[in-house]
Every structure is written in structure tokens, then in C-alpha cells.
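Below are the C-alpha cells for one structure; questions will follow.
Letters are used for the chains, namely A, B, C, D, E and F, taken in the order the chains are written, and counting of residues starts over at 1 for each.
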Amino acid sequence: MTTVSLLSDEEVSAEALAVFTEIREVRGTDFINNFWRAMAHDPALLRATWDRLRVVMAPGALDPLVKEMLYVAVSTANGCSYCVHSHTAAAKAKGMSDEMYGEVLAVIGMAMQTNGLATGLQVEVDEVFLG
Amino acid sequence: MTTVSLLSDEEVSAEALAVFTEIREVRGTDFINNFWRAMAHDPALLRATWDRLRVVMAPGALDPLVKEMLYVAVSTANGCSYCVHSHTAAAKAKGMSDEMYGEVLAVIGMAMQTNGLATGLQVEVDEVFLG
Amino acid sequence: MTTVSLLSDEEVSAEALAVFTEIREVRGTDFINNFWRAMAHDPALLRATWDRLRVVMAPGALDPLVKEMLYVAVSTANGCSYCVHSHTAAAKAKGMSDEMYGEVLAVIGMAMQTNGLATGLQVEVDEVFLG
Amino acid sequence: MTTVSLLSDEEVSAEALAVFTEIREVRGTDFINNFWRAMAHDPALLRATWDRLRVVMAPGALDPLVKEMLYVAVSTANGCSYCVHSHTAAAKAKGMSDEMYGEVLAVIGMAMQTNGLATGLQVEVDEVFLG
Amino acid sequence: MTTVSLLSDEEVSAEALAVFTEIREVRGTDFINNFWRAMAHDPALLRATWDRLRVVMAPGALDPLVKEMLYVAVSTANGCSYCVHSHTAAAKAKGMSDEMYGEVLAVIGMAMQTNGLATGLQVEVDEVFLG
Amino acid sequence: MTTVSLLSDEEVSAEALAVFTEIREVRGTDFINNFWRAMAHDPALLRATWDRLRVVMAPGALDPLVKEMLYVAVSTANGCSYCVHSHTAAAKAKGMSDEMYGEVLAVIGMAMQTNGLATGLQVEVDEVFLG
């Protein structure tokens, strides 16, 4: 359960509703997920988060699918259940195949493992990596 | 400083040296980074880690550069300084441009931010994400 | 579901019940939340945790509300769902307004973001910060 | 060592230099810390981060000192060495006394401890906290 | 809810079923827990994970119960709810008494607390610890 | 560098010096490590931390070596460099052999890996684990 109520379209402020309208236009769907309905309690935070997300996740030197997979990786390491679910769904919607998903998980598992080993051993960084 | 000594080629066991030889062949360089020299104290752990890393990071449905960027993302979220340095260097060696790196960082920052917001709000997962 | 049963007043030891009594007196309510009912399986751990919590969260150079907000911040970064819920409720009970809560969330999100950027870049600490 | 070079005023782009100028004006000092000199490799990321930081950390329902202490708390839980140093210094500059700092540390320690206990026990959230 | 379906014995590939058979033999029970049923979507990942787990958790210089308790400790610090539940159950099955469990929790809580204090203070490592 | 100065015996308060004396007696050495010298700025926090540490790490249902290894495991997962160094040294002093240390690292690596996989897949907890 969210710590705040999930606001319906009827309950949000005009400023928040304007963000919802943009989300709907960009995504081509009427559906607004719970994250945004919870954030709508603070329209300025909602606006800033959405504006930045839209820029960061847009196609650039990396394609949007790679960005979604990076998002899943970070969210998994941070243990954010909501974010893992929403961005795994987004990655699938953007074309992540079962094979790709398996490899994302394998890399996450591998990285977590060597993160533990390198931190446990407190390995000093090689000079060559320091440029 | 590492919690164990960094073993030279002369100090490692034959089993560990065999792993070093494989690392050199696969990477096309004589250089062995500190992580492996520290792990060489436990040849079985060294062998298992290298064997698995080689499989996981090989080209597949995802190309090796994407895998390195995912590795950087996980290592950053986990705060593993050694891993961030070594895999950022590896990603650059595999073709990560300055533009791509900037976008990797931007996605990491964005994901960290919304991880904090979603966890702080304890947003309940939308049914549509649960398949 | 908790890994242990949640003990009722009838099931706990005399030592644990004495802690429950103190919690009730300090908080001015008969309600004992699940954390303490789970901890009651180990009366010494229950006692030590409660005794320390009471001291740490008491008014001092910082007022109790600021302390609760700090607690929420740490619990969010650590992804402790129970702690986020219980300390967000405690902060609200101690006067955290909607505006304050929005700012707590915004700072958490900002900090998470720059934590990721600084760690991803492995920025070296400025000498001026080292005193 | 940072994964990128720390750019001097002479090396940064005009867009990045404009951000440096704003930082200097807002802070009333010529000093630019390493975080921004590293970020200057990506002027758009630099701009977005600074613009948002300035808004989030401004006086509001919470005063700037409380915000800095929250920043320290999150950065500590995330293990971001750079962020702990820079925001502890900022908190001290904004008036955090030794007594306040001791209490911030005590609350962080307490929260970390009960985060571990509540997560280890997987305590189920009380209905009363779910509103 | 898992991001993928939990595969029944009838749905998994022959390669995955072979792993299930080994798990059943090693554990002496017909029960296959959800982790493996989810992993069965990627038989190679399932196989690699199971093969490694079997080696790592086998009796050695440390007995299997100590290894399970270490597993619980790491899983708690990482906030992995599934892993906390499954490895706490495994530790109990291997003989962890209530007293031992209370001490595991107490050490986890203590370590989390001083992790926070040492990181918050950024205590420099004593030379004597660096060997 | 620590955020506060490391206090010498001459600089600490009488209350802090009393804690130093106890540490010296319990450990049978004149050496006081930096953690306590940093904590001495807040004698009450120093006292509370030492008193609790002494109780938690004492022999009980688990022997002190197992407790030190659990401490290393938690500290590694949390990325606390100071704690990894100090408690790895303590574990070695209490008899952790090279073989045991290799197994501690292997379990940490394994747990980190499956933490990532279980969280990435958001595997739902089996009913049998919920008692």
C-alpha cells in the first residue's frame, strides 16, 4: 500500500492533470500507472520528474530499449520492487526478447557476484584503470 | 589496499596460472588486473568466477558493450568502486563513446531518483505490470 | 509474512511484557506494532533495541520530527518497506505536513540521483572537504 | 580518481561555464567542487542536475540545514563517499553543530540497525500504517 | 508476483527438468521452490546457478549451517525478501536454534549500525588493518 | 579522511577515555582503532556503541568467529570499506583460515548473485517458507 492515496483524474490539480495528459500523449495510452498517481500529491515534484524522465529516456546515443534495461539493472540492485516491475514491463514493450531478458538477468547476477567479491577483498584499483 | 596480497605469476598455483593464461588469450593482452591476482589465493573460486564471467559476457542476444554498460549500472548502484572503474574502462575499450557514457550516467541517476521516490512512497505495483 | 510468529501479550515473557508496558506508556497508546511483537521472541534484543531507540529519538539538539524524517530517508535508501511505513506514519503523527513530506521525498530523490552520478564517475573528494 | 578528467574553467564549454557562473553566484564563492568539474563533460546533464538541485535544496517547508542532513543520511546509507563528505561539509557550513551532527549519526545508526532487524525478520506491515 | 510465469514440471524443457531432478535428489524432497521454477525459463542460467550453488554451499572448511547464516546476512543487507525467507527456512532446517537466530539478527543489526556510523564518519582505515 | 579529527588519548573526555580503557582491557592491547577515536567526539554515542558491541559479539549460541564472519558479510553487502577491513582482520585474529575466508567470499558472491536474480525476477515467496 502506498503511503499516500492514489489520485484519480478527478482528484488531481490542474497542474498534475496537465502532466497526465502529456504522459498519455507520449505513451499513446490512456493508462496512468500508480507511480504518477501517487506523485500527483506534489504537482511540482510530479512535473520535474516527468520532464526529466522524458528527456533522459528519449532516443539518443543509446536506444530506448538499452536505457530500459539499464533502468532494470539499477532498480534490481537497489531492490525497488515497483521499479523492477514497471521497467521490466517497459523493456518488454520496447522489444526485449526472452533471450535478451535472460542475458540481462545473467549480467545482473554476475555483476552482483563480483561486486561482492571485489568489495569483500577490497581490491585496490589498478593504475591502468585510473587513466 | 586489498585484504590479501596480490599474487604475481611466480606466486600463484599452477591451477591459477592456467586461468591467467586463459584471461591473457581471451583479452589479447599480458596484463592481469588486481581482481584476478587477489582471487588467485583461492584457485577454485578464481576458476569458477572466470569461467562464468566468460560465458555471461560473451556476445549473445545482447552485444558485449551493452553488457558492460549493464555491469557499470549494477556496480554503481552497489557502490563497488573497483567494479565501476574496471567495467567503465572495459566499456570504453569496447566502444562506449562520450555521448553514450553521458547517457548511461543520466539513466543511472534517473533510476536512482525514481527508485527513491517509489520506495519512499511504497507505491503498490499496478496489476497490469503483474501480467 | 514475518519469519517468526507475532507474539500476543499472553504469549510473551515477563521481560518482554515489561518492554511492551514501557512502549505503551511512552507512546500513550495500547497499540504495539508488529516489529516489537516479532522481536519479543528474543527479550534481550527487544530490550536493547527499545532502550536505545528511546534515547536516540528523544528531543535533543534535533527535534523528534527531524529525527523521524532522517529515519525515513535512511529506511528508503535501504529499501526497508516496514521501516518506511512505520516511520512515515510516525513523522506524520509528529507534525510532518504534506509540504514537508513532498520536500523530504524530493531531497531523497535528489540525493539518490547524485549518489549515482558521483559513484558512477568515482569523483575524488575535494581537499577542501577533508578539512 | 575520477573516471573522467576534472575540467578547468578554460576547458569547459560555454554552456558548462554558464552553470559554473551560476554556482559561484548562488554560493558566493569562486570555488567549484570536483563533482561539477567532472559533470562538465556532459553540459546538458550538468545543467539539469544543477537546476534541479537548486530548486530542491532551496528554503521551503523544510529549512536548508534539515535538507542537508537528510542528504547526508541518504548518502551514508548508499555508501557514497564523495556525497557524504560534500554534504557533511555543507551541513556544517549551514550551522550543524557538533551536538546536531552526533544526533544525525546516532539516528542513522539506529535506523540502519532496525532496517536490518525488520528486513531480517520480514515483519509484515501493520494495517494501521497502511491508512 | 514474479515477472515471468512459474513453470510446472510439464512446462519446462528437458534440460531444466534434469536440474529439477538433481535438486530433488540432493534435497531429498519432491518440492521445487519458486526461484527455480522462474529460472527455468532460461535453462542455461538455471543450470549454471544450481551447479554453482551446490558447490558453494557444500560442507567444507565451514559447515552448511554457517553458510546459510551468512546467506541470510547478505540477503538481509541487500533487502532481498525472497532470499531472506528461503535461506532463513534453510538455516532452520539445518539446525539453527531460536538462540542462534536471535544472535544472527543481533549481529546483523549491530553490523548495519556500525556500517552507518563508519560510513557517515568516513573513518580512514587503520594502517594495521592493511597488513 | 574522516569527517572529524581522530582524537588522541590526551584529547578525549574522561567519559570517552573510560571506554578506551575498557576496549584495551577486553582486547588485551593498547591499540585503539580509528573508529573509536572518531566516535570519541560524542562520548554518549561511543559508550552506547561499545557497550552494545561487547554484548552482541560475546560468545553465545554462536561462537565469536562465526559472528565476525557474519559481520564481514553484512559489511561487504553494505559496501562499508572500513568495516570490511576491520572485521576481516578480527576474523583472522580469531582463527579464520585461508580456506574459511575463501568460503566466506564464495558464499557472499553466491548470495549477491541470487539476490540479484530473485529481485530481478521478483520471485514470489513460496507458501511453505511463510510457515
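Criterion: contacts are C-beta pairs under 8 Å (C-beta built on N, C-alpha and C of every residue); 3 or more make two chains touch, one makes a residue touch a chain.
All values derive from a computational prediction rather than experimental measurement.
Colleague: Mind listing the chains that sit against chain B and also against chain F?
Modeller: Common contact partners of chain B and chain F, which must touch each of the two, are A, C, D, E.
Colleague: When the contacting C-beta pairs are counted for A-E and for C-F, which pair yields the higher total?
Modeller: The comparison resolves to A-E.
Colleague: As a test of understanding: of all chains, whose mean C-alpha position lies farthest from that of chain D?
Modeller: The chain farthest from chain D, judged by C-alpha centres, is E.
Colleague: Counting in whole Å, what is the centre-to-centre distance of chain B and chain C, each centre being its mean C-alpha position?
Modeller: One centre to the other, that is 34 Å.
Colleague: Taking the mean of the C-alpha atoms as each chain's centre, how many Å separate chain A from chain B?
Modeller: 21
Colleague: Once you find the CA centre of chain B and the CA centre of chain D, what distance in Å lies between them?
Modeller: 26
Colleague: So which stretches of chain A touch two or more other chains?
Modeller: 1, 3, 45, 49, 52, 74, 76-81, 84-85, 88, 102, 104-106, 108-117, 119-122, 125, 130 - these are the residues of chain A that touch more than one other chain.
Colleague: Hey, how would you classify the chain contact layout here, line, ring, star, complete or other?
Modeller: complete
Colleague: Tell me, which parts of chain E touch chain D in their complex?
Modeller: So the residues of chain E in touch with chain D come to 72, 76-77, 79, 81, 84-85, 88, 104-105, 108-117, 119-122.
Colleague: Can you tell me which positions in chain D touch chain C when the two form their complex?
Modeller: Touching chain C: residues 1-4, 6, 31, 33-35, 38-39, 45, 49, 52-53, 56-57, 60-62, 66-67, 69-71, 73-83, 85-89, 97, 99-100, 102-104, 106-115, 117-126, 128-130 of chain D.
Colleague: Using the touch definition up top, name the residues of chain B that touch chain E in the complex.
Modeller: The touching residues are 1, 3, 5, 48, 52, 55, 125, 130-131.
Colleague: Sort out for me which residues of chain C touch chain A in the complex.
Modeller: Counting only chain C, the residues touching chain A are 79, 84-85, 88, 98, 102, 105-106, 109, 116.
Colleague: Which residues of chain C touch chain E in their complex?
Modeller: 3, 41-42, 44-45, 49, 74, 78-80
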